[in-house]
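In the two assemblies presented below, subunit A is common to both, partnered first by subunit B and then by subunit C.
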Partner chain A sequence: MTEPDANPLEYAPAPESATVAALRERYRPFIDGEFTDGTGAVFSSVNPATGEPLAEITGSAESDVDRAVAAADEAFRRRWAAISGTDRAKYLFRIARLLQERSRELAVLETLDTGKPVRQATEFDLPNAAAWFLHYAGWADKLDHAGFGPSPEPLGVTGQVIPSNFPLLLLAQRVAPALACGSTVVVKPAERTPLTALVFGELCEQAGIPPGTVNILPGDSGTGASLLAHRGVRHAVFTGSTEVGERVRRGLAGRGKRVTSELGGNGVNIVFADAAPEEAVRGVIEGAFFNQGRVRCAGSRLLVEESAAEEFVARLRDSMAELRVGDPMDRNTDVGALGSTAEVERLSELVERGVAEGASRWTVPATLPRRGDFMAPTLLTDVQQSMSVARTEIFGPVLSVLTFRTAREAVTKADNTPYGLAAGVWSEKGSRALWTARGLRTGVVWANTFHRFDPTAPFGGRGESGNGHVGGAAGLEAYLDV
Partner chain B sequence: MVTAERHRRLPRMADSPSSSPPSTGPPGELTEATRDEAALTRFLRGLPGIDAVGLEQRATALAGRAVKGEAKLRAIDRAVSMVDLTTLEGADNASKVRALAAKARTPDSRFPDVPRVAALCVYPDLVAEAVTALRGSGVGVASVATAFPSGRSTPRAKLAEVELAVESGADEVDMVIDRGAFLAGEYGRVFDEIEQVRAACGPAHLKVILETGELGGYDNVWRASWLALLAGADFVKTSTGKVSPAATLPVTHVLLRAVREWRERTGQTRGVKPAGGIRTTKDAIRYLVAVREVAGSDWLSPDLFRFGASGLLNDLLMQRETQLHGHYSGPDQVTVDL
Partner chain C sequence: MSEDEARVSTRKRVTVPKTYKLYVGGSFARSESGRVVAVADADGTFRANAAKASRKDLRDAVAAARKAFGGWSGASAHNRGQVLFRVAEMLEGTRDRFTSEVAATEGLSATEAERAVDTAVDRMFWYAGWTDKLGVLRGGVGQVSGPYTVHSTPEPVGVVGVVAPRRSSLLGLVSVLAPVLAAGNSAVVLVDTELAVPAVSMCEAMATSDVPGGVVNVLTGDPAELISRLASHSDVDALDPGGADESLRGELEETAAGSVKRVLDAPLVEPDWSTAPGTGRLRAFTELKTVWHPLGE
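Right, the complex of A and B next:
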């Protein structure tokens, strides 16, 4: 027999090459079909995994917002809404194809800009972004049959503010239905992660989409605010934190605009004692730590049936210890970098506060890279419903464990939050899963799985988690004057 | 209920230590599970479930782990040392066995540092030939038995096969379970058969083939794994290679989980052998990754993990050379297995 080996089957670093991303030194706003020098301040986008600047970006000033909205309005009236649905579909299909063709480049660029693991960008973000365009390309000529009556009219210019956790995917989820309906768009990507959105502008150019139909304005939150408030924007779409979302909605009230928002969440996984244990553990880990937990619908709370809690948490800890935290560009990495140093600080404070309130902390024994914004996945046990970690949105790799005694108690605890975005139910008994799902006041309930997205399924929040839906026929409603 | 009567032998089992070596009797809390057929059925039906969607998702995700360079070379050598070089054809005879035995001893004559394979796996009537051909080599001789591959014969005929194999000098016996009985819920019958074969094996290691492709789902694979472990299997093995699908990654995950939990509950370590359908180095490395992640690094040894395969060895040898020399040399550089 062979000699025992100190480190059998070690995973070699499998770094993706950064050159694939075709990084440029400078990125510029995309207005009226061409890349133009913005008049706003120049800022740089930083790789959160290394702290190194990736590229310089010319920001957009008030005048650029005016220009982009005017271009979008012109395109809406003269070109985009005037062509047939079949023709719009043609462009959307082209964009989908281009997303697929350039998916590796875009996945690597997304990884450099956001710090998310490259495997996730390749296997989740990009295929889903293309799927969204394919799905809505199919709707473009079938709006009469979408259930909103004959010839539903588009709203007009849509202003969209996109967050930094899934820059390209969330853009696709919001731009595809808008274009399918005949609306034109002005997109403001997150200040820290504008690169893929700007390359998306290039894709639109390649697809030959009429000038002004899609405009991309990099900039800070000020740019976003003036875009959404702009008089030419008929429909404001905001995705981000509940706090900013509330401010946006208050500011836009009474201006004759439609406002759609996907805001924060405090998602929950409910694990019953009869759940398939191994899969439930994996699902809870996926729910809490996918994209470093930087997902609005992350399952940051775990509610586990008291009779199974001890064993389940032990298994959870064992499996968490196997998570590979580190270089996002390594294809073996499970958990990458957070968005910024400020986020790491915010989360550390949140955990400290949880511990001060009586929770017990355990972190994955991973060696973190010396530079970059990393945080080891953290498990908080002995969490009570009243503690701050159970009340607030986490948006990071921190999982709180609470227990319940009966299904009714689980539902009550799960619903005891102002948010209502997503929940998971784990049970081998179908009737129990269905009963629980009916009681949950959330936009989405997954049974025995988590973080499954499909362009055919509507997704949206309840309560303080937002209004409106993305996905499916229901996702068209936000962009139609119905 | 007729179940209790169906198997008179079962209740005796727990108090007949002579029939089972000390390492094989289920210890502690698990003794209760094998008290009689009703208890066994309760135990197997009460096992927690396996969620197919989650299991397959996990298997796919782990298949993306990268093993490269020096680590890959070591993984290839490790995989070679875990191969049960197999020939199970109607046309097998002494000359075929001698040819494979030579290859098992020295897989690649150009590279003496390639490890020998773990065992040569043949039909029972060819065991004697294999034993002669492999004497002193350190390569084990494994024999299939119990009316392989269908398992459809009388208990007497099955045991006679096991005895033939063991008397001819087999170090390992690969038995098949009675899938018909398992699917009919006659767990006691399956248990007894494994137990009797276990006893007939004497010092030989027992691998129990579940034929997962016929069991109709992961929950059944999970139950069958526990049943085999309770009855004293040293290894649980996925397939005969004669039924499609044979070994798959998710099914192997289930077996690996079973041996891991078996150790957690009993302290005893049992092995896993996927067989059939593993043809390439890439596949083999994916299985090794699964072993490491699902069971643990301890299982990365030929004592606890085997590949049942015939074509895999040649691909491992070709990829090994590619790793060493940086280029691929072609199938004529390795020997045909005829």
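Right, the complex of A and C next:
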């Protein structure tokens, strides 16, 4: 512990209280409007920041998947699609309000379960989850005006597999448009982070949503696979890594299902010499380390114009050194815990391989907590395009630096990946920033900003980053038979 | 008039036959494999030996489509529209020829064939008008919370592999090809040799109407032989499996999963191509790009 007067600008810890999360001993699947004991194996959810178990969860077996899909089908045919769009809108609105009202509880629960900083869960994950429901509530009775022709029909039962990096927000982004369109859902949250999804079931109950409209099945990847492959599921939505996504798609081929996959990325920040340096540094850091870099649209590659590279990297290092890494429950924390020990090992190996291939490593001089799955933000310079760190999806707090000479070269290097999710461009010259934005083969370009999300702005990938969109009218398309 | 002279004047004229070739990179060429398939009209009369494309032809066609993609997708939407309107003009100008070819190929009456050709011309015309309206269809402005200007614009997917319909030679082909082109993509189309005659004539309309070489590539042959190559080719960005046999669909979707190709959710049974299309095909072969920029003094 530092003496208070050793550095008067040192932050004192500002811990959030874990009791706010109202943790229960046991969480259960939510099927047909009721929490019932699943017949699958019991597993526990672990706090990655401490390694301590948080709660026990009854998993879902094949028979639970059958029951949930049957309930969703029944709800689709008899209740949810049959009620008026305005009534559906009001249910979505109720969910949005409930999310807002229980925002602090859910933010803390999300932090405990994921290891993300509580400030981020409070200021980003929860408000956005509520905003998504509010936005799509408005669409439920305006589908005729969404640009898909008159009276677009819902597809039917949607099976959704949600990843562990933004458990509740990604659920909201996928469940809200599905419900707005009149589809019913069966959600399989990530095995490691099921808690907020299960509390979401409670919100649905409180909102009075017809039973079977929303079903939540905690379980492992096997549960997810049997859900998506279930013959009662008309639309399979998978969000996760490209590797698993390809396997899922292969497994579902020829079954007459619609498959929406929202997969990985290998995002880039392009910094021109004329960029506003402070903003660009801040943006690059946010791009690479927001949510511990566990964002599929993270800017894990930095492409900086050669003439400005040395100075920019020096500034970057100075600012990175200010990042506070550690206890996610401390409101001052910038970078929290990774999802699991395996994640830390995978990333360490990736960095080692980069160094072996010729990259230079620099790590934020942070004292990491003794327990838990932490990794200090890492900067790799002297990275070449051929190195594995520059080619694979990072999904962690590792930033690789490459350089370029011309805008054309920057675009070519940025696009030299099978992924195509997001990119950032930094230049004070509007025409250059927008020219670069147009040239990039990505679904999203943040010009002079990064990691901005809004329910009114479509977000989605190209190429191997998947084929789905969330946000705006575009976010409805996947759930409609159009 | 002598008897001999009378015989000569009533004798049917000996026609000059057309050679039916592949259309790749803007040129008409025989298959590198040298293979051909005899094509008969619906009544069994021999019509021609159509080229039977090989895997090598397919690779060449994809390479040509990729090469042409930059120019076509980079052209202004207005310009692409002009080119496609010109295609409609060319189809209209050779309406009679198409009518007889469609009638012979599909075994339709003259009236039925005429209706199919007219609809095909109108469909090309309809899609031509879409090129500079995709921004209205798919794009828009995000009314985000915060000091940002956000706009989403449609962009073409890239190279689209198309398995042409089997139930309708010209109208089916135009109905699946026109939206791919209108959205700014380049195309590699597999056509069953049985339907080669109107398909090759359509390629001639493309070749004479300012469509840059390589934007449209048509391979006649046995689609079943080439489909899996089309689905697995890493330089093909999207697939319309509509004309593929139901038994091949599963394998196609599985192969396409490898590079996360976009696969059109095409019905197993071909639709009635004479009904007016919606915008689904335009949307299916369009990507969306959302660009954010902050506002500040």
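Methods note: the second predicted complex is superposed on the first by the 476 of 482 C-alpha atoms of A that agree within 3 Å, B and C clash if a C-alpha of one lies under 4 Å from a C-alpha of the other, contacts with A are read in each partner's own complex, and residues count from 1 in each chain.
Operating definition for what follows: contacts are C-beta pairs under 8 Å (C-beta built on N, C-alpha and C of every residue); 3 or more make two chains touch, one makes a residue touch a chain.
Keep in mind it's a predicted model, so treat the numbers as computed, not measured.
Of the two partner chains placed around the shared chain by superposition, subunit B is the only one that A:Asn332 touches, whereas subunit C remains out of contact.
When the two structures are aligned on the shared chain, A:Asn448 is found in touch with subunit B and with subunit C.
Of the two partner chains placed by superposition, only subunit C is touched by A:Gly466; subunit B is not. Of the two partner chains, subunit B is the only one touched by A:Ala14; subunit C is not. In the superposition on chain A, A:Ala433 makes contact with subunit C only, while subunit B stays out of contact range. Contacts of A:Ala178 after superposition on the shared chain: neither subunit B nor subunit C is touched. Between subunit B and subunit C, the partner in contact with more residues of subunit A is C.
Residue contacts after overlaying the shared chain place A:Ala131 against subunit C, while subunit B stays out of touching range.
Of the two partner chains placed by superposition, only subunit C is touched by A:Glu477; subunit B is not.
With the contact threshold set out at the top, residues 448-449 of subunit A are in contact with subunit B in one structure and with subunit C in the other.
Residue ranges of subunit A in contact with subunit C, taken from their complex: 131, 147-149, 242, 245-246, 249-250, 252-256, 258, 261, 263, 418, 433-434, 437-438, 440, 442-449, 452, 454, 456-460, 462-467, 469, 471-474, 477, 482.
Those residues of subunit C lying in contact with subunit A across their complex are 137-138, 140, 142-146, 148, 150, 152, 157, 237, 249-254, 256-260, 262, 265, 268, 278-280, 283, 287-294.
Subunit A makes touch with subunit B in their complex at residues 1-2, 4-5, 8-12, 14, 119, 123, 274-280, 282-283, 322, 331-332, 428, 448-449. Residues 48-51, 53-55, 57-58, 64-72, 74-75, 77-78, 81, 115, 257, 288-289, 292-293, 297, 300-303 of subunit B are the ones that touch subunit A when the two sit in their complex.
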